[in-house]
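Take a look at this one; I'll ask things after.
Chains here go by letter, A, B, C and D, matching the order in which they are written, and residues are numbered from 1 within each.
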Amino acid sequence: MHLLVCGGTSCRASESALIAESLKRELEEKGLGNEVQVVMTGCFGLCEKGPVVKVMPDNTFYVQVRPEDAAAIVAEHVIKGKPVQRLLYVNPSNGEHVSGSGQMGSFRKQIRIALRNCGFINPENIDEYIAREGYAAIGKCVTEYTAADVIGIIKKSGLRGRGGAGFPTGLKWEIASKNQSYQKYVVCNADEGDPGAFMDRSVLEGDPHSVLEAMAICGYAIGASKGLIYIRAEYPLAIKRLKIAITQAREYGLLGNNILGSDFSFDIDLRYGAGAFVCGEETALIHSMEGMRGEPTNKPPFPAESGFMGKPSNVNNVETFASVPVIINKGWEWFSSIGTEKSKGTKVFALAGKINNVGLIEVPMGITLREIIFEIGGGIKNGKRFKAVQTGGPSGGCLTEHHLDTPIDFDNLVAAGSMMGSGGMIVMDEDDCMVSIAKFFLEFTVEESCGKCAPCRIGNKRIYELLTHITKGNGTLADLDRLRNMCNVIKDTSLCGLGQTSPNPVLSTMDNFMDEYIAHVTDKRCPAGSCRDLMKYTIIEEKCVGCTACARGCPVNAISGERKELHFIDQKKCIKCGACFERCKFSAVLIN
Amino acid sequence: MRGRMTMETIKLTIDNKQIEVEKGTTILSAARRMGIDIPTLCHMKLEDLNIENKPGGCRICVVEVQGRRNLSPACITKCDEGAVVRTHTPRVMNARRTVMEFILSDHPKDCLICPKSGNCDLQDMAIRLGIREIPGQEIAEMSTYRKDTSPSIIRDPDKCIMCRRCEMMCNEVQTVGALSAVNRGFMAVVAPAFEQNLEYSPCTYCGQCVAVCPTGALTEVDHTGDVLRAIADPSKTVVVQTAPAVRAALGEEFGMKPGTLVTGKLVSALKELGFDYVFDTDFAADLTIMEEGTELLTRLGKFLNGDRDANIPILTSCCPGWVNFFEHNFPDLKDVPSTAKSPQQMFGAIAKSYFAEKINVSRKDMVVVSIMPCLAKKYESQRPEFSVDGNPDVDFSISTRELAHFIRQANIDFNNLPDADFDRPLGESTGAGVIFGNTGGVIEAAVRTAYELFTGKKLSRLDFDELRGMEGVRQATIDFDGFPLNIGIAHGLGNARKLLDEVRAGRSKFHAIEVMACPGGCIGGGGQPLHHGDSSILKARARAIYEEDKNKPIRVSHENPYIIQLYKEFLGEPNAEKAHHLLHTYYFDKKAKIIVKQ
Amino acid sequence: MSSIKIELRKEDVDKINEICDSFDNEPLELINILHKTQEHFGYLPAEIQEATASKLNIPVAQVYGVVTFYSFFTMTPRGRHPISICMGTACYVRGAEKVLDEFKKELAIQVGQTTADGKFSLSSLRCVGACGLAPVVLIGEKTYGRVAPDDVQDILKEYQ
Amino acid sequence: MEKLKSLTDLEKVRAETQAKLDLRARAGSPEAVVQVRVAMATCGIASGARPVMDFFVDELDKRGISAVVTQTGCMGYCYAEPTVEVQLPGQEPVVYGFVNTKRADEIIEKYIRNGELVEGIIPVNYEKID
C-alpha cells in the first residue's frame, strides 16, 4: 500500500511535508513502516483543495488534509480499510462524497481530445495509432458517409478553427466543397509561430497520424485528392515523425489510391516554412508554399475560392485537424456536449511563464482562467502575486484578475480584448512591467511584419519606438493618446490579420494597466521595477557601513565615499546595472 | 471580345449617392465614375494597356463599408450588392491621415532639392491631405539603404514607399526581373539582387520603373549640366538631334494638353539654348528604314530561295532597351535582329563623319547631343562599340524631362516661342521617320519602303491601320503584290518575350517583328513626361504622332531628298561597305555566366 | 547591365544543379531548394543564389527577395558553434533578454553576427517549445535550460 | 506491410495490436512485460530524455528484466521533463517526472523490481476520452 502526498508547490506551501512526516510517524508507531510507503508526488492539479493525499491501490482521494489528520487516515483507512468520510472530496454538483479517484473525473479540469494519443502511443508506430481507433474515422467516412454527411457532422459538432480567430470549420469545408475544380487542396497549417506556443508541435510529434487521417477526411469532404502540410523548418523532430507517419500510412494504403478499397484517393506532401511568422496567415502561407515571399494578399478571394496554385484550398491548423477523427468516431453530439454554447470541445494551451506547472494542457471551453492558473498550473511561481495572463500571442492581449472567473471561449476572450490565438498562455507576476510586455510583443511584430502594407510596416515600428521612449522615461501623457490612435488605425487599416491584431498587446495593456503607463510618463517610474532606465539606485544612510564594496564594483565609477563613511551614487553617471545592489551585503542599496 | 450580353449589375451607395455598376467593379472605380475621387498612392492602372498595379499596400484609399469590421481599401474591394460606402467619415479621414503620417515618417524630407519635386505623387498626396506635421518624427528611425547610380537610372531607395509599381513593371510587364521586393518588414524595399547596383543586374534601362515611380526613389541620370558646358565651350560645335516622340510630349511639361505637337517650338527652344545645329532623329529614322528595309529584303530573298539560315523573321533593332533585353535573355538569337544601328546611333555616326566633313569640323570638336523619350538611350550612347578612339558618336543623351528642365532653367518662355524649322541636311525627314515614336511605327515605315522596293510599285495607301493600336501583341499580313508578308508587333518586353519564345522554338510564322520595350512605344518611354497612370495621355501622344505623319509632304523614307543625297555623296548603296561600317552593329551575349573554378 | 560573371567550384555547381534537378527545376519549389542548398553549404552566398536562379531560369532578384524574406535563410556563414537564444514569450518573461545581452557582451557581437575567429555566431529565435526550461539557449544541437546571465561564461567555457 | 483494402483489414490490425498490448499489460500473461514509455518530444529531448531512454534500454536488459521501452510524445508536464511512464503488468501506469539516469536507476530498483513507488510521481490530472 502507498500513501501519495501531493508535493506540488502550492500543497507544499500548505504543509504537505508535515503531513507526510506525520503519516510516516503514525505508520511507524503502528508498525506498518515497511508495508505502507509514503511518497511525495507532483501536483494533482487540485491545488484549491490541497493538500491532497491519495491512497493506493484503492485510489481513495483525501482533500484539504491537515497534519493532525494523519492519525485518522492510518487508523481508519490503512488499518481498518474504512475511508475517512470527512476528508473525502465532495462532488460540487450533488454534494456527495467521492471516494475513488476513478469517480472523480468531474473534478479533473482537463479533457484530452486533440492530445488523446500524445504520451500514450509510440508516434512512430502506426499500429499503436490504429489500436486506438486510428483510421477508423476515415474508414467510416468512405464507407458510410457522403461528403455532405461529413461536412454536416463537422458543422453540427460546432468545431471552430483552433489557429486563431475561430472560424467554424464545417462552414469552411462547405465553402471549399462548393467551389468546383478538378483539383483542390487540403492544407495543414503547421507554421506555429506564436512565441510561447508549442501545441501543434506536440501533436505532430506525439500523434502525427491523427493529422494525416483528418486531412484525408477533409479531402473526402471537400473533394480534394491532395494534401499539403506547411511546417516550420525549425521543427525537425515533428518533420521526421510526419515523414515516418506518411510512409507508414502509404504502406498500409491509408494514403494513396483507393483508400480502404473505396473510390477515394488522397495523398500528402510536406512543404517547409523558413522562419516567417506572417506565413501563419493563410494567403501568405499559400504564397510561401508556391516558393515566393510570404506576403499576404487581400481577402476575398479566400483560399477556398482561389488558394494554392489558384485552386480551391482548405486551410486548417494542426489542432483543428487533430480533433476531427474523434468527432467522426464519437459523434458530433458527444463533441458538442463539451464546451460553451458557441465554443465547443476543448482547447490546448501552452501554459508558461511565471507559473509552477509549465505544461501543455487541454481543457474544455468554458473553463475559467482561475482554474487553469491556480489549479492545473499550480499557481504563481515563488509565491508571487498574479498580475496578468497573456493569451493569443502577439495578436492577443493581457487578461487580469478581473477576468479570472470569465469562462474562456473564443468570444469571451475577444470581448475581454484578447483572443484565443493558437493557445499560448503566458502568466505574469508582479515583477512584469506591462509596458515592457507590450513592447516585447511589438518588437516581435516589427521583426515579423512582411512589409507589404504601410500601417503594419511603419506603424508598428512607430508604436515600438514610442513604447521604448516611454520605458526610458521620456514619454508624455499626449504620447499615450497618440499611441492609442496609432494602434486603432493600424488595426483598422492593415492588410492582413497580423497587422490587424498587432496593436492588441498595447491596447489591452492600456485598457487594463493604464495606471502603469501613466506612472511611466508622469512619475517616470516603473511600478514593476523592471524598466532599467527608470530605476534609481540610492544608498540608505542608516544601513551603509562604508565597506566600499559597491564603489569597487561599479563599472562606471559612479559611487564615491571614503572607507567607513557613507557612500553616494552619482545619478548622472549611474548606468543602472545593479552591480552595487548585488554586491552590498548590508542591503543598503535601495532600488526605486 | 465577348459578345454583347446583359452584364450582371450591382447597386450600391457611396457617400449617400446610389450607383449601379457591373459586377466585379471595385469601389474605387465605381466612386470615380460618380466623380468621387478617392485618393490612391500605390494603385496604378493603365487602361487599354492591360497594366495594373494593385497590391493594396499603401492603405491610403481606405473607405468605410457598413458592416465590415475594418476599413477596406477601395482599390481592391469589389462592390457588393446593397453596400453602403462612406469615403470621408472622421474615422476614414483620421486613418488616411495617420497612415500618410506613417509613410512620411519613413521618407526623407528633402523635397526642395529632390529631382521629383513638383512632380511627385507623394508630395501631392501630402498637400492634398494637408499634412502639416509628422508627430513623433524626432524619435522615428528611417529605413536607409545604399544609393545606386547606373548609366541611365539613379536609385534612392530611402525614398521608396513600397508601392511596388516598379517591381510590377519590371517583372510582370517587362519580365526583366531586375527588381524585386527584398528584406522584410520595416527594411523591406524594392531593389536589385543583393541590393547591388542596377549595372550588375539584367536591367535593360527601359526606364519603365522610373516612369511609374511615385516618388524620387527612381529617377534618371541628369546630363543637362554636361550639355550646358558643351554649349558654353567655344571650341565645340554642338549638334542636337531630337527623337520623334519628344515633340508629341514636351508640351505637357509646359502645361499644354497631352497630344499637343510642339515641333516648331521645340526647334526654337533648342536654338535658344545655343545648339549650333538643330537636327532631327527622324532623319536618321529614314536612314534606318533604308538600311533595315534593305536588310529585310535581302534576308527575305534568301528565305524565299529556301535558305533556312536567312534569319527570318528579322527583328527591329532601334530600341536600345529591347537590344539589352535580348542580349540578356536571348543571346542564342543574337543573329536574328537587324544589324542596323538605332536612329540615335546612326545619327551620331553620320553627324561625326559626313556632316563633320561637310562643315569641316574635326570629330573631337563636335559634340552630339540627343533628346530622347528614353533612358536606355543614355546607356546606348555609352556603349564602347559606338565610339571611335574613345570618342562617342553620341556624347550625351538627355530625356524629354531633362530638356524641359533645361528650357526652364534657361529662362525660355516655351509656350510663347515662335515655330522654327530644323537645320539641314540632317533635319529633313519624312512621315515614315516620325511614326517611329509609336508602337508599330517602325514596321509601318519599313513596309512603306520595302513594299515599293520589293514590288517596284507605288503604294496606293500609306496608312496601315492594321499595324496600329495598343494591343500588346499584334499581327498583320500585308499583301506584297501577291506575297503575304507576315508581321508581328510587340510593345512591352513581356510581350516581346512571347514572340521571341516562338522564334526560339522555331514556331514563329512572322517574316518581320517590331519590338519596342515601352508600352505604347517611344511615346510611353521612360524619359517622357510622367503619365501618372493616365493612359489617355499616351493615346493622345500616339494620335499626335500620326497627325504629324499625315501633315508631312513626303511620307516614305526612300523619297527623303537628303537621304538620297547622303547615299549619293557619301554612303553609296544601302548595306554597302561604308553604310555597313557606319550604320550597322553587332550584339553581345550578356546572360549571367557561371565560371567553373578548378 | 554588364554581363554578370560568377565563379564557383565545379563540385558546388554540380551540387546546386543536383538539388534543383531533384525538384524538377520547378520554381514553385524554390524554398525547398534553398533549404537543401543551405543545408549543404551552411549558408546562401550571392554566387550560390546566382547559380540557383540560373538553373531554375528565374531572376536572381526573385531568389534574393525570398532569401531575405525568411529568417531561416542566411547569407553569412554561421559560427562553428551557432548560439541561438529563444526569445519566445515564456523565455522572455523569465529573463531571456538579459541572457542574450550577456552573450552579446561576452562575445562582443550582435545578433546575426559571427565572431571574428568563426567560432560562435549569435541568433535569437522564436519559441523552440521548451518553455518548461525557460530561458532556453541552444548551442549547436545542445540545449541549455533555465539559463541565468551568470551561467553564460561557464557555458562558453565548454567550447574553449 | 500489406495494404489494408477494407475496414475489415483495418479492424484486424486494430484487434491484433490491441491484443498484443493487452497481453503485455496483463499480470500473469506469458507475454507480460514491464512497459516504459519515455516522453520524447522536443522538450523532453531538450531536457535529456534520450540518455534516460538509453539507460532504461541498456539497464533493464542487463538486469534481466523483461521490458519494452518505447518512445512516446509529449505528456504535457513540461515543468517536469524528462518524464517517463512505467506500467507494471496488471497495474495502472505511473508517470515519473524529472527523471535522470540516477532516478531511472532508482525507478528500476525500487518500483520495477519491488513495486515500491518512488518520489516524484506525476499524478494524471486529465480525463481520458476512452
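Here is the rule we use: a contact is a pair of C-beta atoms (placed from the backbone, for glycine too) under 8 Å apart; a residue touches a chain by one contact, two chains touch by 3 or more.
Worth saying up front: this structure is predicted, and the values here are computed from it rather than measured.
Central chain assignment: C. Criterion: smallest distance from chain C-alpha mean to the mean of all protein C-alpha atoms. Subunit A and subunit D have centres, each the mean of its CA atoms, that are 26 Å apart.
For this pair, subunit A with subunit B, the centres built from the Cα atoms lie 56 Å apart. For this pair, subunit C with subunit D, the centres built from the Cα atoms lie 37 Å apart. Each of the following residues of subunit D touches two or more other chains: 41-43, 45, 77-80. Within subunit A, residues 198, 201-202, 235, 276, 293, 352, 358-359, 450 each touch two or more of the remaining chains.
Under the contact definition stated at the top, the residues of subunit B that touch 2 or more other chains are 181, 183-184.
Looking at which chains touch one another, you get A-B, A-C, A-D, B-C, C-D.
Note for the complex: subunit C touches subunit D at residues 128-133, 136, 143, 145.
On the side of subunit D, the complex with subunit C involves touching residues 41-43, 45-47, 77-81. For subunit C in complex with subunit B, the residues that touch the partner chain are 1-10, 13, 46, 49-51, 53-54, 58-65, 68-69, 71. On the subunit B side of its complex with subunit C, the touching residues are 150-151, 171, 176-184, 191-194, 198-205, 324, 328, 379, 588-598. Of all residues in subunit C, those touching subunit A in their complex are 27-32, 34-35, 65-66, 69-73, 87-90, 92-94, 125-132, 134.
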